[in-house]
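Take a look at the structure set out below.
When the chains are written out, they are named A, B and C in that same order, and each has its own residue count from 1.
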Amino acid sequence: MEVLRNKAQDLLAQGQAQIVIGYEAGTGGIRRPSFARTAADTARLVWDADCISNLAGYLTRPEIKRMGKTAIVANASTLRALLQLTAERQLAEDAVLALAVAEDGTVTELATAQAVTDHVAALPDALSAADREQMNLLASMSREERWVYWEKELQRCIKCYACRSSCPMCYCGTCTMDCNKPQWVPVPSHALGNLEYHTVRAMHLAGRCVECGECGRACPVGIPIHLLTCFAEESVHQQFGQKAGASAKLDYALGTFRPDDKESFIR
Amino acid sequence: MAERNIYLPYLMRIAKITDEAPAVKTFRLEFINPEEAANFEFHTGQFGMYTAFGEGESTFCIASSPTRKGYIECTFRAVGRVTSALATKEEGDVIGFRGPCGNLFPLEQWRGRNLLFIAGGIALPPLRSVIWNCLDQRDWFEKITVVYGARSVADLVYKHELQDWEARPDIDLVVTVDPGGETADWKGKVGFVPHVVEQLAPPSENTVAIVCGPPVMIRFTLPLLEKLGFTPDSVYTTLENRMKCGHGKCGRCNTGTSFICKDGPVYTLAQLRELPAEY
Amino acid sequence: MTTILKISAESLEALFAALGDSGRRILGPTETDGRVDLGEVQTPAQVADAHLQLTLSAKEAVFPRVERLLSYKTMPGKVELNDAEPDIQPTVLFGLRPCEASGFGSLDSVFNWDSRDKFFNARVEQMTVVGLSCTQADDACFCTSVGGGPGSTKGSDLLLTPLADGHYLVEILTAKGEEIQALAPHLFQPAVNEDKEALLAKLEPHFDREALTAKLPGLFTSELWAEQSLRCVGCGACAFVCPTCACFDIQEEADTKEGQRLRCWDSCGLRQFTLHASGHNPRSAQAERWRQRIYHKFSYFPQRFGEAMCVGCGKCTRACPVDMNLKEHLTQACGT
């Protein structure tokens, strides 16, 4: 931890970063996002196995961008999202300095997209074992069973949009959900409003979701909504062979035409 | 015991539609239920929530004067979902109206004073209500002056009424269009509203100024009025914030402690100074 | 005047039966997968016992997340408008925490301060609140800082406090509470020398709410709000779980022949909340939206209604995806 704090202090002191985004201890000891802009702030930074949230969502915030060069304490999810945001041109290449912390506390600076890409390539699968199990369970269900499962889960949704707001890839200034001309998706959190919201969101994340599970963790009523976006992501992976968050140079699978695409309807 | 549903609109028939300017229309609305018509009262400065059935509600001031009975009028610009739907309505169609909402222009307090109205763009409607109200009670007031500006000649609203006011001896009207907005036969002034007010240099003594317009116009006009000697409590304006209920409940129109839907939309400059500029 | 009695666990079960027989629906905290919802129950055994708080809040019982305000049919040149009547039945809200129970007072201020909201009132009229004192509190709780407490009677018609011997102390606080007692008076016993205070959770106040309210007007332009809100992602979770947040949106749902107008929860934390059609937004930055949340609850509302629009339940803190701990932020503001 000291290594990380010292590193953050050095970066701020030498002007290599104006802000370091990391984790600090929150209510009841849980880990929450932290923003260090002074040497004193860096004392709050912590790093351990509980630092699981994806911090990359902050990188596209105007408030953060305005502060100058950003360094970010990055777990695997954050790194993947960083690459995907770069691929989607939401971040300039090499705009962010990623700090990868190893189990023994050593800090590696990943200053370029290439360095991040190489680092990520060596990391294990994004989904936790429990989530993988749940995904497999869903995959083994019949369509009808899956429908029942999601109907039951989604009926609890209060449309607080914590899932959308927490998702690093949900960066759009005006979300489709907020368009009212036409009103694509009903606003109220009734059965149709919820179903349309989540299917549209999952479709918009197909080929873009980095499988960090942040939306599911954010949900105040415990809907494992990340399983839906992860499903959409993985079916794009299977069909088009590319994985979101693997590289800073990735064309959007669903918006790209290639002569060797296997669909025949488009030719 | 059964309480009234405060969200239920009156049904109104569109008696007349006037095309004012590009995308700007005036509706004259009449109550379908005569009982509701008989019981309806409002004051100048108040507003209402207008329903395009199928699309929702939108907030407009009541642009007609309470002295004109039997109908209300509203003037609106088609900008979004509801206003665009309203713009497709025809004479005879039915729309909804909830109101009146909000506070009022305190005409009683203005008795015996000069009135200076300054309006820009689509913000003439709230002032049109009060101007007609004052003209219909002309002996209450001393000199009445109106400065009205729009981006271009085409954007001027209430063109016929402007001609009427022009012809009346008991009201001074100055109409201006932004530089570049004039037509070949334009006889009015050319220049931004604050600039025209500066040239006009209206005396502030015993005068109330009522200012409505886009934020830029307001921003430049208010300091000017102060320079001319207007005190903050003799300058009035109206605020617009997004609102849904019109009853101080839905929570979004507040600026500080003040609900624009209940404590506004009419404010003096002195009152605004006490509130955060969240509008 | 408050009557203080006692009821045994067995008698409580009998009281549930009596409530059911009287045609009342009983809603109480029920637990599924670690969540605690307000669910229909018939016996005390179905009520979750180890929980601290509902995941959402009891405001749902009087201010549902989606509610129809009116409906209509459209025909050429004609509209047929129909008032909506909320579908309600006599309901007992059983086992609400004192903080939740006192939240109804704030809601009442919003829904009835000027014109009266018939939907809210119709539900409140049919509702009886049986509160349950807290014997434990967590890191997010701060009721004692905002004028409440683990044994506060505010908002309850009847308040239960668990006694060491498995009985409950019963405080009968209102006419509605008396009605419940009158359903089965024999179930209640006299309570002698019970020390309620000693049974309650201990929670020291963290800040002085009145001092905070006095201070806030001077802090409006402080950097504090931008600093605190950096972490906030701008969602509706805190407002939606809050027992006192009452903001709503009105939405139209229609086809070419008929339609309805619905009211649904909304939040000042969402960017869309105040956005004008022109694109102008009076609260365009998250810092301003976070400030609105704090100021509405601890400055504007107290100025208008004399008390904070917060009961210190800590639900917002628990629901927040990024742990925006309200108690901590308010304590910080007090010290600024």
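One rule holds in what follows: a residue touches a chain if its C-beta (ideal position, glycine included) is under 8 Å from a C-beta of that chain, and two chains touch if they have at least 3 such contacts.
Small disclaimer: the values here were computed from a predicted structure and weren't measured.
> Enumerate, in label order, the chains that touch chain B and chain C alike.
Per touch definition, common to chain B and chain C: A.
> So which chain ends up closest to the centre of the protein, judged by Cα positions averaged per chain?
Chain closest to the assembly's C-alpha mean: C.
> Please state whether A-C or A-B has more C-beta contact pairs across its interface.
A-C
> Using mean C-alpha positions as chain centres, tell me how far chain B is from chain C in Å, no decimals.
About 39 Å separates the centre of chain B from that of chain C.
> If you average the CA atoms of chain A and of chain C, how many Å lie between those two points?
That pair's centroid distance is 33 Å.
> Could you work out how far the Cα centre of chain A sits from that of chain B, in whole Å?
47
> Which parts of chain A, given as residue numbers and ranges, touch two or more other chains?
Where chain A is concerned, no single residue meets two or more other chains.
> Specify, in ascending order, the residues of chain C that touch 2 or more different other chains.
249, 251, in rising order.
> Mind pulling the residue numbers of chain B that touch at least two other chains?
Within chain B, the residues that touch at least two other chains are 80.
> Quick one: which bits of chain B touch chain A in the complex? Just the residue numbers, please.
80-81, 84
> Show which residues of chain B lie in contact with chain C when the two form their complex.
Counting only chain B, the residues touching chain C are 2-9, 11, 53-57, 79-80, 83, 92-94, 96, 215, 240-242, 244-245, 247-252, 254-257, 262, 276, 278-279.
> For chain C, which residues count as touching chain A in their complex?
33-35, 55-56, 65-66, 138-140, 226, 230-231, 233-237, 239-241, 249, 251, 253, 262, 264-265, 267, 270, 272, 285-287, 317-319, 321-323, 325, 328
> Which of the residues in chain A come into contact with chain C in the complex?
26-28, 30, 32-35, 53, 57-58, 63-64, 158-162, 164-166, 178, 186-190, 214, 217-218, 220-222
> Applying the document's contact rule, which stretches of chain A touch chain B when the two form their complex?
Touching chain B from chain A are residues 180-181, 183.
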